[in-house]
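Just so it is clear, A, B, C, D and E label the chains in written order, and each chain counts residues from 1 on its own.
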């Protein structure tokens, strides 16, 4: 994951609530899809302008408007006006580096969470902001770009599977959040597999790249954690809230999603601990190997340096060197050298260096 | 312990409460055993279908149904319907990577805890999920595979030992939890013994494998902690709860099990601290030894390198080298070399390197 | 950022509330600017003496007095007397190394926060104390030196943009705080960019300077954190306070600024974690490279030291060395040496050192 | 201190409240001493069977029964029945690896704390469990083996010194706890002295053993902390409790003992921090010395390796080597060698390596 | 700062409240000074016996008795009796290693804090216990030895400067505490300056002593922190207390001193973080330099070891070595050697080692 490159600074000095998109523009044109349903009827269509959605807000059916792309201030503002969103909320929707948070706006509830995905090659974690607003009979969801994370929810609405068609916008909002949290586990499993591979690599053949991968994974986990950790508080607040917008029957589902968030945090923390442990293992195995290398160098040097000195002695050209004339001088020197060598090897064996 | 290899992702997109087994399938066929008792009567049998158990639920006796194996959605669902379990609870039972938690379902209480055991060779810690549900006159317990952890409880019921036959399902649930927690200490004692062995090894002869074992134990403790830590909150909540399902007389037993959980956590933390300390000891002793090796290399080199240079000088073939013709040149050079050698040894002694 | 060089010690022994400037004097003469407005009228002027401002305090319009430079005890005292500030508050204004804090003085609210800026070259973080006091119809702001951070707020008042002209001093105080917090992100973005550059450098070509920059950035983040962290508590207290000086409608704006402070803290913590990670990466890559260097040294030495010994042997001048007379002795020795060399290279290959 | 070798696992599967001694058996036969007193009368005797003590429980005097040795289930059970102790409490008394804790049993209060002593040679910390139970007119104290820690309290009772004879069992329980906590300081002072010795050693002559002692002390402090830390909560609870068993006048004494516990924890933490700092100092001084060693090796090598090469050159036996025939070739080579040597020394001086 | 060498153990076994001085005796004879004042009158004198002070306690004026030296049990006891201090409080006064704490004794309030000073050479931090007791019309202050920290307060009383003469003993107690806290900043500034010097040293010329100073400062900060940290809680409790001994008007001053304590803690923590960062910088710069040294050694060795081997080859004395007879053999060998040398240098350049 790259560091957040959103230029929040470009907003410096603007009046609070000014609608300027802060973040990377990930889509050309916002795509607006509308789903309107209750227990009996169901309608799904892609609309060109937000205005087309407004009539559905009058009816008592649940109206779910999903917007992919949040850079168009015009769209956000119109929706904001139609659904009574404070300009600060509109601003938040357009600022895509928000921390997960909850705002109870009385007539509606605003939830920011972060969708986490692996990018194309599955090597980097990409996060995206999801703004959810739900009121008495509507749910608005703002994503930064089109994705398939909500397709299963759409499927369930289309085919009337499960209880989703019979329940209200709070349950739909829960279902969307649940889809987001479920996806955390998809990402975590991939990370878990990579960690297992790394562990095997670490034992079999630790290399410089292993180290880089560990560091990279640690960093990804840092960002993952940043996205998930505050969500815990958000879901807990959602469960505790006394807003009439949330039916008591939805509470058990919120508790369930809360448990999942905790579980995800738990996994992230475990991964972080494991990666730290692996880093330690790597470093101590590197220092161990270096120790090994040093030992061999020392042994070779310590054996041959004295011997080389010795042969140097008898390579001197003094006229008077009695040993040179001895009949078995040469073999005698070999004897000494072998003795020294064997003695040193014995010494090293005793020191447990060999 | 391997990383959790349960594929939670396969559930992505399913309606919440869908019954799909998430986790490793550890048993072929769920085994269902029924124990029905009160102060006077006692019945124990293994049943083939869950339906056989239902009549016992009508009576006022305590009915304990233990299921080994949680992958069969059919069994879970039938039990769920008979004992009024929300579909999310059924889902939780089948998802075997839950964190310990407590859900007060009004007519029953749902407790998730994790059983910790050593695998065959006693080298790895294996955890298993235990789901406990108890109501007015029944206890359901779901394990992932058959085990003997509850045998002592069964014995006590069979022979009417202790107070167990006189008390209700809350006491039985406590007894099961207590058995789980007691087993933590069995595992911890084994770990403690291995740590003591390691400590002796560390002093006597620290090797690369010692390091690997320390790292491995640290990792096991990480997983143990993850299993035990949240249980503390669960037992505390059980003690605090105002549910009429828990008799006041059971509270002192819950406090006791709470003390044991704290004690287990305490031990795990102590082991972690000790292992970290041992890691430090290992690393500093390795770096110390390397230091030793370096010193020897340096001493040998520093003594012989100048001497080798000297003998090299008199190995040169210049026609005019006056020293070569001196009567005692050779012995003179030996004298110088011995002086240099002794001087350097003295120098090293003074520097406390020898 | 330099360590706080303010000489608080010079005040040692003075009566509490004594007005002595503690801190670096950053401006020659305090500059006092007055802005007086309500929905209809607007007045802005620079005044020479504080007394000129007092008549505006009588009117019901919002009076904003901004003072650049806090070393003049006379100015502070006069303002203090006119606006009913306790002598301890006056003292706090003049002591420019305060931690962010909030004091509810009943007739007014005193907020200390710290403005964070990059110095000229953008290499160091400079902080400055901002004292804000607002009451029923006035806002006093004390900066250490003139700056342009509040220009956008002034612009909005001048041109009646946004809601600022219609709301009271609490909203103005919020707008000033918001400007301060917004500027944190400007600084954080610059830091973020530098961290990204550093990361690329770390992979491509880690050098000693990279290390120094990482350490320097860590230190800057330490100071940044010190400035931002307590502000969180201050803004939360401002939101929670039941003082009638804060209109309920301002609460949503305070919550917004609270979210921004949290976000800033979050970024600072992430940067700190990343810098720590980079430090680890640097150190392990250095130790890795050293390992590399050691290996090459060892390989070269281990190959040539025995060979040099061998040629030394046949450089000895013994009269009786049979090998020297052999027809192919020389070539035989070369053969041995090549065999030894190749053998060692093969040995190193197998040990995965080459 | 050895790891807790108590075999809690041997109790696995027993009914809760079963009386089995868990822990090392430190004494052959439990020794029971009885002290019975009030303001006027005093009786002290050693009894053979617990039954002898029971009559004293009827009287209104304070009865203190001290039992040294907790492995005899029979003794514990009889006392338990006589003084109305729940079987779980009896079990706790016999399980000697308890964490400090407090149980308010309504008719009596049960306090577990740990006595800390240095073993014979003063090198290792030994802990022992103290179970205190006090009621309306009795105090029971269970130690693992006879010791002299309570002698001063006995003295004060015998001679009616201080207020002890005039106050009730709660004051006696306090006095015993106070004796335990006072003894912590005896141990801490010894540890403090050893740390000071170590610090001097570290500066004067750091050796491998110094390191081992630091590690050992750190580990002892880990165990000390484990014994003291939870006691804080226990004493705080004792002070806060609303049990009628504690006279208001005793509260100030409990606060005093609380202060002492905090002080002891404070000292333990400080010692831990200091030991960590010493470890760092040791390691960095070792790495520094290694650096020193490396430098000397490098300097010697770098000076002589080129020189040795040079003399090697003129040791070659080519027939046509013009220099060999020069009149002053030999002296010329010496000149070059001296120049190279001096140049390198100068180079090292400039690099600040010499 | 030396470790606390007070022998608390000598009190082991004494009845609680026994008056034995625990700590270093820093003064020969306790010095007692009395200041008695109200808005109109003022009296200051040094008294020989405590009894001389008692008459002043009867009057409604504020009586401040300052005792320098706390080893005389007699003095403490007489004062204790006269001012109604519990024997445990008297004991605390004489035990000079107390942690800062607050005891509300109903008729008076007892505050322990620690005065921090630099010793003579300004190299070590020395702490001293200050016991403050204030009641309806008196303040007792116990220091371990005479000092000038309270001189400014005395000055203010003498000359009736500020509000001190008009307010009661609570304000005087505040003024004394404030003087103590103000002095923290004097010490912290000195430490801050030393840290800045160290930082420059670290960049310019890091030496072994730099490391020792960093470690020493870290340790001093550890002790400073231990003295300041608990004071925060003490001042907060003083502000919160509902004791009638503290006038509401004093609260704002207590809040001010609370802010200062927080600021001091903040500084200590920052210094600790900075020192840790400096330690890291030092260690990584040492390891960097070692790397440098190793490289040079490797380069020199790797270039000359093969060359030395080569000249060794042609120094062999074989009878049949064809090269030796070649016309340009010698120059050819030089050619090879230069080629090898240049090649290696080129290789090192490419590896970025040169």
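FYI, a residue touches a chain if its C-beta (ideal position, glycine included) is under 8 Å from a C-beta of that chain, and two chains touch if they have at least 3 such contacts.
Every value quoted in this text rests on a predicted model; they were computed, and no experiment measured them.
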item	value
Fewest touching-chain hops separating chain B from chain C	2
Where chain A and chain D are represented by their mean Cα positions, the distance between them in whole Å	42
Distance from the mean Cα position of chain B to that of chain A, given in whole angstrom	26
For chain B, residues contacting two or more additional chains	287, 290, 294, 297, 301, 305, 308, 312, 315-317, 321
Topology of the chain contact graph, where touching chains are joined (line, ring, star, complete, other)	ring
Neighbour-by-neighbour ring order, given that chain D leads and chain E comes next	D, E, C, A, B
Of all residues in chain E, those that touch chain C in their complex	151-153, 155-156, 161-164, 175, 178-179, 182-183, 185-186, 189, 192, 195-196, 203, 252-253, 255-256, 259, 262-263, 266-267, 270, 273-274, 277, 280-281, 284-285, 287-288, 290-291, 294-295, 297-298, 301-302, 305-306, 308-309, 312-313, 315-321, 352-353
Partner chain D, residues of chain E touching it in the complex	2-5, 7-9, 11-17, 86, 88, 92, 97-99, 101, 103, 205, 208, 211-212, 215, 218-219, 222-223, 226, 279, 282-283, 286-287, 289-290, 293-294, 296-297, 300-301, 304-305, 307-308, 311-312, 314-317, 321, 323-330, 333
